[in-house]
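I have placed the structure first, in the form of structure tokens, so that the comments after it can refer back to it.
Think of it as A, B, C and D in the order they're written, each chain with its own count starting at 1.
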Amino acid sequence: MGKPEIAKLGYVALVTADLEKSLYFFREVIGLEVTEEVDGVYYLRAWGDFQHHTLSLEQGDRGYVRHIGWRTKSKEDVLLFKNNLEQASVDVEFIEAWDTPGIGEAIRFKLPSQHTFELYFDITRPEVEEHRKSVLKNQTYKSWAKGISPRRFDHVNIHTSTDVDQTYSFLENVLGFKMREFLRDDDGSVLAGWMSVTPLVHDVAVLSKPNLPTPARLHHISYWTDDSQDILRAADILRENGIEFIGPGKHGITQAMYLYVMDPGSGCRVELFTGGYLIFEPDWEPIEWTMKERAIGNTYWGDSVQDKEANKITIEA
Amino acid sequence: MGKPEIAKLGYVALVTADLEKSLYFFREVIGLEVTEEVDGVYYLRAWGDFQHHTLSLEQGDRGYVRHIGWRTKSKEDVLLFKNNLEQASVDVEFIEAWDTPGIGEAIRFKLPSQHTFELYFDITRPEVEEHRKSVLKNQTYKSWAKGISPRRFDHVNIHTSTDVDQTYSFLENVLGFKMREFLRDDDGSVLAGWMSVTPLVHDVAVLSKPNLPTPARLHHISYWTDDSQDILRAADILRENGIEFIGPGKHGITQAMYLYVMDPGSGCRVELFTGGYLIFEPDWEPIEWTMKERAIGNTYWGDSVQDKEANKITIEA
Amino acid sequence: MGKPEIAKLGYVALVTADLEKSLYFFREVIGLEVTEEVDGVYYLRAWGDFQHHTLSLEQGDRGYVRHIGWRTKSKEDVLLFKNNLEQASVDVEFIEAWDTPGIGEAIRFKLPSQHTFELYFDITRPEVEEHRKSVLKNQTYKSWAKGISPRRFDHVNIHTSTDVDQTYSFLENVLGFKMREFLRDDDGSVLAGWMSVTPLVHDVAVLSKPNLPTPARLHHISYWTDDSQDILRAADILRENGIEFIGPGKHGITQAMYLYVMDPGSGCRVELFTGGYLIFEPDWEPIEWTMKERAIGNTYWGDSVQDKEANKITIEA
Amino acid sequence: MGKPEIAKLGYVALVTADLEKSLYFFREVIGLEVTEEVDGVYYLRAWGDFQHHTLSLEQGDRGYVRHIGWRTKSKEDVLLFKNNLEQASVDVEFIEAWDTPGIGEAIRFKLPSQHTFELYFDITRPEVEEHRKSVLKNQTYKSWAKGISPRRFDHVNIHTSTDVDQTYSFLENVLGFKMREFLRDDDGSVLAGWMSVTPLVHDVAVLSKPNLPTPARLHHISYWTDDSQDILRAADILRENGIEFIGPGKHGITQAMYLYVMDPGSGCRVELFTGGYLIFEPDWEPIEWTMKERAIGNTYWGDSVQDKEANKITIEA
């Protein structure tokens, strides 16, 4: 029996303190589409996302991330991962098929970082209503229908106050992620790692942050636009909506253009993101950035992400 | 022992009737970098390509493609593929390591389409001279140094007058490609297939063309730019150089923006390419395009690629 | 007393056979804003237009252009032009102030081409409602609120079956336009002229077309976008709306990027337009294009505007 | 006899402490073309500039601006301005025709701000060598030949420690500039004014800076690119060349996208600039920005221009 594998980042289950505000933000400003609403939970995705949802939004007493879902390469992989995790003494919760609308049988567990990951394979690909459907057969919804209008869900960036090396090791050895780029502190420890199961430079970034209010935090979720021009247009749209943001700028690490904006309902930060590069080499040597190179790694050019107070706010995850 | 896998498209070995013209075209107009020249053969790559070369150029009596190289996921995969191919009664040529500069041990064989593929794993990643090296640690050369300046090699598009189904089947069953999109003729046969081993919509497109001068032809090799603006700038640059092209436009199939231009030395067509989408879903259902949908599939908008005489010229492969 | 001068193109008064369709097209697809509706006439402008309207839309039995309005440099210029025109034996109609909502006292008259021009100076600059107002003090409405969202009105392109030289001469000598670029037929006659009173390459283009259903036709009105990327996005938006268009491409003459789309209500063609160049030289020598150079003059690259059946349809003006 | 008028900003005569460095910067990095070199002075322009030069570069003991040239609307205007200036008790220096290569008879004088302006009408439009000439008849050089490759010269930004109101008044009353936007201090005084003779929002900006090393300083000269994408590409190019800059970002005032970079030879700052808007209204009301609105006026979004040490360095003018 083969080694189970993760195919891709799936979705983030987000709880918001103000559902109305969050819906306005994600639908009208970011421009995501609502696949459906079930029992007060809204399931959203971008026009180029293919599966049921890449974000769920529900009302809660405060904003936090319930869990982060990942799709496996096959149905069998879900249970294979379950076995592997249990052999590694990780507590695994089994989720019945379709308990989460659109999502088949799944497992949930905590990383050493204390973030909850979900693994599933089955996910529905619901039919789109005629008037929202793209004229392109290989695209879900009409593009550019509203707001910033990114193409697809891209990655998550999480922070932990636990020993981050355990999480890198867990992601690599148990879940099959590869380290693509990392930032090393002067004392030799790794402060941040960009890791992926796909050729994207990262599906997840994990940062060590010793002084957090809770061990597991989320810095941002990210949606991808096709062109860097789209990021500039996003900046215009956000200004016209009176919503603060950081960016635009370009990271040295990942080479991606960015703009960071916070959902006013949940406090969840969204990165609008484009450019970057793909890693197809099977023997990729992780790129090491030193503290001296950190400034250019964080901000190759543009509005700096570093040392901004607004950049330090994160939600529980 | 696992199933061998191809990681990525590697390079095209191109023979040209006029090396000087081809070098001018690929270096000054397209803006590729020369890694090195060995025994009259030039090894080139884009500023964002990571390995030794993605194109080799050598003088010959006419322009043609010697072979198309693909990198495997591991060193063992080369010999595993050799076994599998021989068991499938395919003639396999073994190439000693470093016979091709930069490339370790490799095998070559013909597809049913009569195109020669090479598989290798080992490839050098030569050091770049200080003044050509990017200031970014995750990038090979300085970007925008000259000409159109695409980021990386993307895919190849090949034509065959043989029964194309045999090639689709060979690519799927022997080499592990997945069909992503295809064009079906009114009689039910498949006329064109876009296939990949990576999340790119295609690493290779194979088209059935019954009336070719030789069974195996190459329609184009493709280099990728980051932004659609770069394709418009490419159009300006080509006009200023007095070089004809088709495009810019946007394909429905693959959703990519394109511009086609021919190397005046070899007759090899180059597609400058951006946009498109990535397929991370492990259970992707190939998108079927009918003849009625073909026009929009070929040209979603812009300068049409269809029915252009210039578009019919292909080189032997 | 000085010579009266025209400051700028003002607006087009458009009659449509289907007001609902036209309103949908101009508001939802093009993304113009409605300043106000008075007696069934809608007054529209782009988010970066400063005056009351740049387009008026009213229901009629067929689509046609009632007149084309131009703003003079001063209030006195309106009557000075009236005198000059009458001395040149041109019939002049005087329009009472505010007969047209937003427009002060005006005069109307026919060019030799049989197109009706209006000259006015006074025009209101109505306050914008808080929720539609841009956060920028130097911009009228929020940008990117809907659809293609061009910045401002740019120019008009008119056709005539009369002797076009009389119109060039009238525009130059009576109205103060300067010829910027022109296309000369092999027999020495001028087939098309791009003329302006501003540093724009053209505020109006006048083409000689011998076989028209009526002497005065309008080929298109044009709205300007900031970036060429916006024209590509426009192409996507139009495809998603199932609306045919010609382009995108780049003209050699004027150097502008273009896309042509027809209002399904009135049959009035709209050019979405960017790039181009500005003429600040007071002694500009008109650029002459020969018939041999016409192809590149019309279409420097991209989807050709020439010989397209759809391109030949024009409305009465 | 009519009132003399200025048609456009013409050129800046720049002295550099390191001619070789400045030439490298303006030719290879910015991508200007050299029209000619006469007696050690280099005359440069962008590919879309129409006249002899928009920048001259000569070796000196330090970097400073010798004068700023403006083209009048007619030949007569030069002497008319001379009369007007002398009547206003301004010292005027007469420059013989062709003393400055390419420039006919001219006058020079000091503004109240102590900046030297030159007015001329005659300027040659030299033939371009075949291999550098654009294929477009309405364009000077081939575009995109090297480096950032802006289209044309746009404006100058000057600082003075003198009473700035005298300069605004001089520019308006003697030279015919119009105030387009201005920044008012809390005490009612004007700190910065953006003024133009053309529909550009500004041909010149004049800022009040009480504590300057000499009364007249130049903050930057500006070259214009067609697309905002070009500004992002410029940022990449500058990073690869190891040259520091401020930006990219977007001004609220003028609405233009910007990037500021300093010529390492002369210390003259160059703004790469696109977007913005045009003012065709003859009765434009200057836009007033208060100190409270200053932040958004300076930096609508992006890398802030304010409070940057590097931004405070200016050269003598």
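Just so it is clear, a residue touches a chain if its C-beta (ideal position, glycine included) is under 8 Å from a C-beta of that chain, and two chains touch if they have at least 3 such contacts.
In this text the structure is predicted, and so the values were computed from the model without any measurement.
Between the interfaces A-B and B-C, more contacting C-beta pairs are found at A-B.
Distance between chain A and chain C, defined via averaged C-alpha coordinates, is recorded as 47 Å.
The geometric centre of chain A is 31 Å away from that of chain B, both derived from CA atoms.
Rounded to whole angstrom, the centroid-to-centroid distance between chain B and chain C, based on C-alpha atoms, equals 45 Å.
Shown for chain D are the residues that touch two or more other chains, namely 135, 227-229, 236, 239, 300. The touch graph of these protein chains is complete, with an edge between every pair of chains. Across the complex, chain A is touched by residues 134-135, 142-145, 227, 229-230, 233, 236-237, 239-240, 242 of chain C. Taken in their complex, chain D has these residues touching chain C: 2, 7-8, 48, 50-51, 71-74, 121, 135-139, 151-152, 181, 198-201, 226-229, 252-255, 275, 277-278, 280-282, 287-289, 293, 296, 300. On the chain A side of its complex with chain D, the touching residues are 227-229, 232, 235-236, 238-239, 245, 247-250, 257, 300-304.
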